[in-house]
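In the two complexes that follow, subunit A is the common piece, with subunit B as its partner first and subunit C second.
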Partner chain A sequence: MTAEAPALAQASGVARRVSRRPRLRFTLLNRRDKVVLTLMVAIPTLIQLVLVWIPTVLSVLLSFVRWNGLAFSDLRPAGIANYEYIFSTYPSFWPALQHNLLWLVFLAVIATPIGLLLAILLDQNIRGSRIYQSIFFSPVMLSLVLIGVIWQLFYSQNNGLLNFLLGTSGTPQAVDWFGNPNLNIWAALIAATWRHAGYVMILYLAGLKGVDPSLREAASLDGANFFQTFFRVVFPVMRPINIVIVVITIIESLRAFDIVYIINGSKNGLELISALVIQFLVGEAQVIGIGSALAVVLLVVSLVPIVIYLSRIFKKEA
Partner chain B sequence: MAVLHGQSARTRLKRPHYGTHLFLIAMAILWLIPFVWALFTALRPKADTDKYGYFSFGGAFNLDNFIAAWNQGGFATYFGNSVIITVPTVILTLLLASMMAFAVSRFTWKFNVTLLIMFTAGNLLPPQVLAAPLFEMFKHFNLPYSVSDSGNLLNTYVAVIAVDTAFQIGFCTFVLSNYMKALPQDLTEAAFVDGAGVWRQYWAIIMPLTRPAFAALGTLEVIWIYNDFFWPLLLIQSGNRLPITTAIHNLQGQFLSNYNLLAAGAIITIIPTLIIYIVLQKQFVAGLTLGASKG
Partner chain C sequence: MMSPRSYGAGGVPAMAIRRRTMLKGMVGGAGALAGLPLLSACGDDSGGGGSAGGTVSFGSNWSDEVPKKGIQAMMDAYGKGKVDINTVDHNSFQENINNYLQGGPDDVFGWFAGYRMQFFAEQGLIGDISDVWSDIGGGFSDAMKQQSTGKDGKQYFVPIYYYPWAVFYRKSVWQEKGYEPPATMDDFTKLAGQMKKDGLTPIAFCDSDGWPAMGTFDYINMRTNGYQFHMDLTAHKESWDQKKVKDVFDNWKQLLPYQSPDALGLTWQEGAQALGTGKAGMYLLGSFVTRQFTDPAVLADIDFFPFPEIAVEGTDSVEAPIDGLMLTKKGGDNQAARDFLAFMGSAAGQEAYFSVDTSNLMTVKDADTSSYTDFNKKLAGVITDAKHISQFFDRDALPAMANNVMIPALQSFLKDGTVDTANLEAQAKALYAAQ
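Moving on, here comes the complex of A and B:
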C-alpha cells in the first residue's frame, strides 16, 4: 500500500537544504520542556519499537524455531531446518521467487516506461491535459483488491469482455485468463500496470514541471531535437525522481500481495513470496518457523533497495 | 500492446498534437474500459444478461443490482467498520508523527537523525515481514473476555488501528520533518526567547504553519488506510468486523455466481474513493509529490 512512501520522502528532501542554521539544543531547555520533548519523542518511538522493529527481530528469531503458534512451551530450536526446507523441498518457493522477479521486470520494462511516456506527452501543454491526467491517474486511488475484482469481470472466461472481443466467448477456446496457471501472472501484471503507470506518470509530471525551462531552450538553440533534448538534458536532470521511481518499482514488486490473493489465493501460477508467508500463518496448519523463514528472505531482499535509498536520502544529513 | 502504441506515438511527435491526441485518446479509452465494463455489467439485471448475453445492449438498465448488492452484501456494516478503523488511525498517525517530526526537525539532540532513519526504514518494509510476530504477539496478549470476545487482541479494531498507525508514522514523520525544517528557525527562537515552552512552540507556532502538509498527508492516509487489505485480513477473524476493502474478499465468493451483483458491489466500494478523488484530487496528488516540483 505504502510503497508510495519514497516519493514524498525524496520530494520533500528538497526542504533539507533550506535551513542550515544550528537548531535549538536540547541541553538549553528547562526541565519542564525537557520532559515534554522527551514524551513527544518517546511515545511514537515506543510504538515503532513495539510494533515494527521488535517484530522484525522476532521474525528472524522465529525462523530458527519449530512452533505451531499455540503455547510458548512448544517452541523447539530448529537450526537452519526451516531454510533447508524452503530452499530444497518446498515446491512453491522457487516459482514464487521467479514470479516476484518477473513482477519487477514487467513493472520496470513495461509499466514504468508507459507512465514516463504519458508524462512526456502530457507535459507539452496539450489541450485537455487535465482530463487525460485524471483518467490515467484514477486507478491509483483504488485498492489493488478492487483492481483484482474489476479485472476479473473483464477477464472472466464466459462473461468477460476480453473473450467477447476476441470472439472466443462461449467456445472451448475461451481462455480463463485468471485461472490458467501459465497465463494468469501476465493477466495480473497487466492489471497491476493499469495502476502503476498512472502513478509513475504523476510523479514524472511533477518532476518535469520542476525542470528549469531555460535548459530546454538552450538545448533547442543548440539544435537538439525533442528526443535529444529529453534523453540528454531533461532525463538526467530528473535524477532524484528517477531514483524514487526505481525504488518504488522494486518495493512495489516485493510487496505485491493483495491482487494475487484476491484472484485465487495466490495459488496455481500466482505464487509470490509475500503470499507464501501468509499461507503458513493463517489456516489450520500453522507452521510459524517456515512462514518466518520466508519472511526473512523477503526482509533480506527488501533491505537492498531500502538501504540504498536511505543512504542517498540521508547522506548529506549525517 | 500498449508499448506498440507508445512506439508509434513517438515517431509521430514531430508533427505534434494530432498524433499525440490520437494516441492519448486511444490510451484513455483503454484505461477506461475496465471501469466502463464494470459499470455496464452492474446496470443490467441478471435475467437480461442471461437472456441476451453480457456482450449486448438488450434488456433493461437500472440500479436494481446496486440495491440488491447493498442489502445482501451488508455494505453498511463494512463501511461503518472502515470508518471505525480509518478515522482514529489517520488522526493518531498525524498527531504522533507531527510530534516526532517537530522534535527531530526543530531541536538538535544525539540520536535525532538515527531515529528518523529508523522511522523511514520501518515504513518501507513489506508488511508480511512483520506478520507472524505481530499475529503471535496479539494472540498471546491476554485480555478479559469482557473487553475482547477473543480473549486477546486478535479480532479487535484496536489491533488494526495500532498496526496501521505504527506503519504509517514513519512515513508521515519523514515528510513532516522535512516540511518543518523548511520553516524559518527564527519563528521558534523568538518564541523561545519570549519564554514560550516546547509545547506552545509546537502547538501554537509550528502546527498551524504545517497545515498544507497535513491536508495533503491526511488525504493520502485516508485513501491508504481505507484501501488497506492486509492487516484486517490477518488480524480480524469475524467477517462482520471487516472493513470494506477486506470484506470484498468474502463478497467475491458470495457473489461469484452473479457477476452483475459483483460488479455493482465493486462500484459501490469505489464510490467513497471516487468522491475523495473528485473533491480532493489536488491534495492527493500534492501528497504524492509534495515538494517534488520545487526541486
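Moving on, here comes the complex of A and C:
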C-alpha cells in the first residue's frame, strides 16, 4: 500500500529530487532567500541545541559526578558509582523498569485497541457522535489536579465510588486500590487507559474520515463483510496513522508519570523511571549524580524505539 | 511541618504548582535543571545589601490557611517597618529551596530547625544572627537555642512555634472502655490487643504520604537506643547495618498487627477521621492533627500520652519539629530584617501567632500562656520536661535519605515486616557521599 502513504512518500520523493540536483536548486535562490532560509534553519537548530542537546550532554556528564548542586567546587568525579547505585543498590529501579514495560504492553494491547474500537463505533454516523467524541476526548484535556481528584473519588478505600458500588465501602473488606502494591498499578493503568484511549480515538477518527469511500465500496462489491473490509482494506490504508499511534503509545508509556505521581508520589508498587528521575533531580532530596544517571538510563531506553522507527523510515526513503 | 502530599486542604494547589516545576524538569532535562542554580549563582553577590529604609522582604512558606493568617497576625503586630510578604506554596517552597537561596531570595524566609538549617548555614547561604540572639536569647530554653545553632556554634534560626508528636486518643472512648495510658511498650501492646478484641483499630496508621511512618520509627529508635543514637544515625555517623537498627524494627514488629491493615493507602487525614469517629483507639502524629477536628466537642475530647518507654532514657526525648525564620545571606546587611526577626522571636510576636493558630505551641518561655487550653498546657509540659528534642527524621537526616530511601524502606517494612539493613547502609553511603 505504498501508494497510500501520500505525505511521507511525497516528502521523501521531493527530498531525493533535491539531493540529486543540488546545484540547480541552489542557483534558484537569491541572496535574500538564502538569508531567510539560513535563519529559519539556524534558529530552531539553536533552540533545539540549547534546550535539548546541551542539557542531554550535561546530564550524561553529570551522571559521572558527585555534586550537591550548590557550588562548582563541590563537584567531584564519581566514576560509575552512580550507575552501580542504580543497578545494584537502589531497590526501586528494577521494579520501575518492569512497571514501564508493563505500561507499554498494557497501552499497546488494551488501551490502543479500545481507542480504535471507539473510533470505529463513532465513525458509524450514530446520533450524538460529537457528544460522545467530546466525552471520550475530555480526559486528554483535563489538568493533573482534576485527574487526581477524579480518581481519588473513584478509588478511595473509605469514601470511593468503586468500593461503594462493590458494597464494601466502610467495611474491612473494602479494597485498597491505591495502597495495595499488587493492585495499585492496575488501578493506575486503568486511569491511564481512560486518557490514552481518548487520544487514540481522535487520531483514528481523523484517519477513518480520510479513507477514500470508494475503497469501501469496492470491497463491498467484492463481497467483503464488515470485518474483512476493515482489517484487509481500511486498516492497512491508515498506515501513516498507525505509525503515529505506535510512536505515541511508546512515548506515552515511557513518559508515564502524572497519574502515578498524583496517586502516591510514585512509591509502593507504582515506581516508574520518569518519576524516579524527578525524585532525584527536583526538590530538596536532590542527588544530581544519581538523578542524571537515571535520566541517562531513561534516554537509552527511549532511544531503542526511536532508532528502530527512524531506521525504518530512512530505509524506505533510501 | 511537611504538609499533606495528597488531597488535604493545602494539597491540591500544591500539586498544581509542583507540576509546573516538574514539567520544566521534563522539558529541560537533567542538565538544564542542574544549570539553573549555576546561572543564578553568578549574579548573586551583586544583589547584596538588601533593601534599605526599614523594608523587609519575607519569603513565607506558610501557605495553608490557618498558619498564613497566623503569620499575618505577627506582621500586623510588628508595626515598625514595612514587610513585603511573598507567600509560596509550602511544598513548592521546600522543593525549590536550593534555587531559591542561590537566586534572589528575600531577606527573611520561613524554614525548619535541624540538619537542613545547618547544611545551608555551612554552605554560607544564611546570615548569622548571633547578635539577634544576644537580645532574644534569654527568652528561649537551652534546647531551643541548641536547635537554632549551626555546626560552627553561631545562631542562624529564630523559632516561632513547634508541635510535639505524641499518641492521641479520645477521652470518652477510653473512659467507656476503661483504658489507661500505657507507660511501657508491654503495656502499650497489651492495650492494643485489648482494643483489637473490643473491635477497634488499635493504632491508626496512615502512610500513603510516606512521611508519617518516620514518626513511629524515630520514637521507637529513641526509646530503644537513645537520643544521641538518633542524631548519629540521621547524620550517618552510625551504620544502618547493625543490631541497634534491627532492634528498632524488631520492636516495631510487635505493633504491626495492631496498626491499620491498609496503612499504605491511607492519608494522614483519614487517620484523623478514624480517630475522630472513634473507630481507631490511638494515633501517633504531630499535634497538628488537632486541626482536623473541626467539631469543638470532638476537639475537647482529644487527649494524648507520650510514646511509652522501651529500653533507655524513659520518655526523655520528644519529637517536636520547630518551624521558624532564617536570614538569607542577602538580607544579612539589612538591619530592618534583624529587627523583624527579633520581634518574631519575642513574646509579643508569638502571642500574635498563637491567637490564630492554637494547634502549635509558642517557643518563647515568657510568652503569655493564659490563653492555653488544658490540652495546650499538657503539650507544653511534655516539652518542658523533655531532656532532648528531636526534629523529625526528614529534618534531622539528609533529605535524599529521608525521601528516597527511608520512605520506600518503611513502606516495604509495613507491607511484610522485613527490612534489609545492609541495603539501607549501602544506600546511605552512596547518598551521604554525594553531599
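Criterion: the second predicted complex is superposed on the first by the 250 of 318 C-alpha atoms of A that agree within 3 Å, B and C clash if a C-alpha of one lies under 4 Å from a C-alpha of the other, contacts with A are read in each partner's own complex, and residues count from 1 in each chain.
As a working rule, a contact is a pair of C-beta atoms (placed from the backbone, for glycine too) under 8 Å apart; a residue touches a chain by one contact, two chains touch by 3 or more.
Fair warning: this is a prediction, and the values are worked out from it, not measured in the lab.
Chemist: Counting only touches as set out at the top, which of subunit B and subunit C does A:278 meet: first, second, both, neither?
Modeler: After superposition on chain A, A:278 lies in contact with both partners, subunit B and subunit C.
Chemist: If you stack the two complexes on chain A, which partner ends up touching A:117: first (subunit B), second (subunit C), both, or neither?
Modeler: The first partner, subunit B, only.
Chemist: Should A:167 be classified as contacting the first partner (subunit B), the second (subunit C), both, or neither?
Modeler: A:167 sits against neither subunit B nor subunit C.
Chemist: Does the superposition put A:52 against subunit B (first), subunit C (second), both, or neither?
Modeler: Once the two structures are laid over each other on A, A:52 reaches both partners.
Chemist: Tell me the contact category for A:176 with respect to subunit B and subunit C: first, second, both or neither.
Modeler: second
Chemist: Of the partners subunit B and subunit C, which touch A:66 in the superposed model: first, second, both, neither?
Modeler: second
Chemist: Can you tell me whether subunit B or subunit C touches more residues on subunit A?
Modeler: B
Chemist: For A:236, is the partner it touches subunit B (first), subunit C (second), both, or none of the two (neither)?
Modeler: A:236 contacts neither subunit B nor subunit C.
Chemist: Look at A:79 in the shared chain and tell me whether it touches subunit B only, subunit C only, both, or neither; answer first, second, both or neither.
Modeler: Neither partner.
Chemist: Mind working out whether A:295 is in touch with subunit B, subunit C, both or neither, as first, second, both or neither?
Modeler: both
Chemist: Taking the contacts subunit A makes with subunit B in one complex and with subunit C in the other, which residues are shared?
Modeler: The answer is residues 51-52, 54-56, 58-59, 62, 69, 72, 143-145, 149, 152, 255, 257-258, 261-262, 274, 277-278, 280-282, 288, 291-292, 295 of subunit A.
Chemist: Could you pull out which subunit C residues touch subunit A in their complex?
Modeler: Answer in residue numbers: 5-7, 12, 15-16, 19, 21-22, 25-35, 37-38, 41, 94-98, 102, 116, 123, 125, 208-210, 261-266, 270, 273, 399-400, 402-404, 407-409, 411-412, 415, 420, 423, 426-427, 430-431, 433-435.
Chemist: Which of the residues in subunit A come into contact with subunit C in the complex?
Modeler: Those in contact with subunit C are residues 51-52, 54-59, 61-63, 66-72, 78, 81-82, 85, 89-92, 143-145, 148-149, 152, 157-158, 172, 174, 176-181, 184, 255, 257-258, 261-262, 264-265, 267-268, 274, 277-292, 295.
Chemist: With touch defined as at the start, can you tell me which subunit B residues reach subunit A in the complex?
Modeler: Contact set of subunit B toward subunit A: 2-3, 6, 9-10, 13-14, 16-17, 20-21, 23-24, 27-28, 31-35, 37-38, 41, 49, 54-55, 96-97, 99-100, 102-109, 113, 115-137, 139-140, 162-163, 165-171, 173-175, 178-179, 181-185, 188-189, 192, 197-199, 202, 220, 223-224, 226-230, 233-234, 245-246, 248-249, 252, 259, 262-263, 265-266, 269-270, 273-274, 276-277, 281, 284-285, 287-295.
Chemist: In their shared complex, at which residues does subunit A touch subunit B?
Modeler: The touching residues are 1-16, 18-19, 21-26, 29, 32-33, 36-37, 40-41, 43-45, 47-48, 50-56, 58-59, 62, 69, 72, 110, 113-114, 117-118, 121-122, 124, 126-127, 132, 134-139, 141-146, 149-154, 156, 159-161, 164, 169, 193-194, 198-199, 202-203, 206-207, 209-210, 225-227, 240-241, 251, 254-255, 257-258, 261-262, 273-275, 277-278, 280-282, 288, 291-292, 295-296, 298-299, 302, 305-306, 309-310, 313-314, 317-318.
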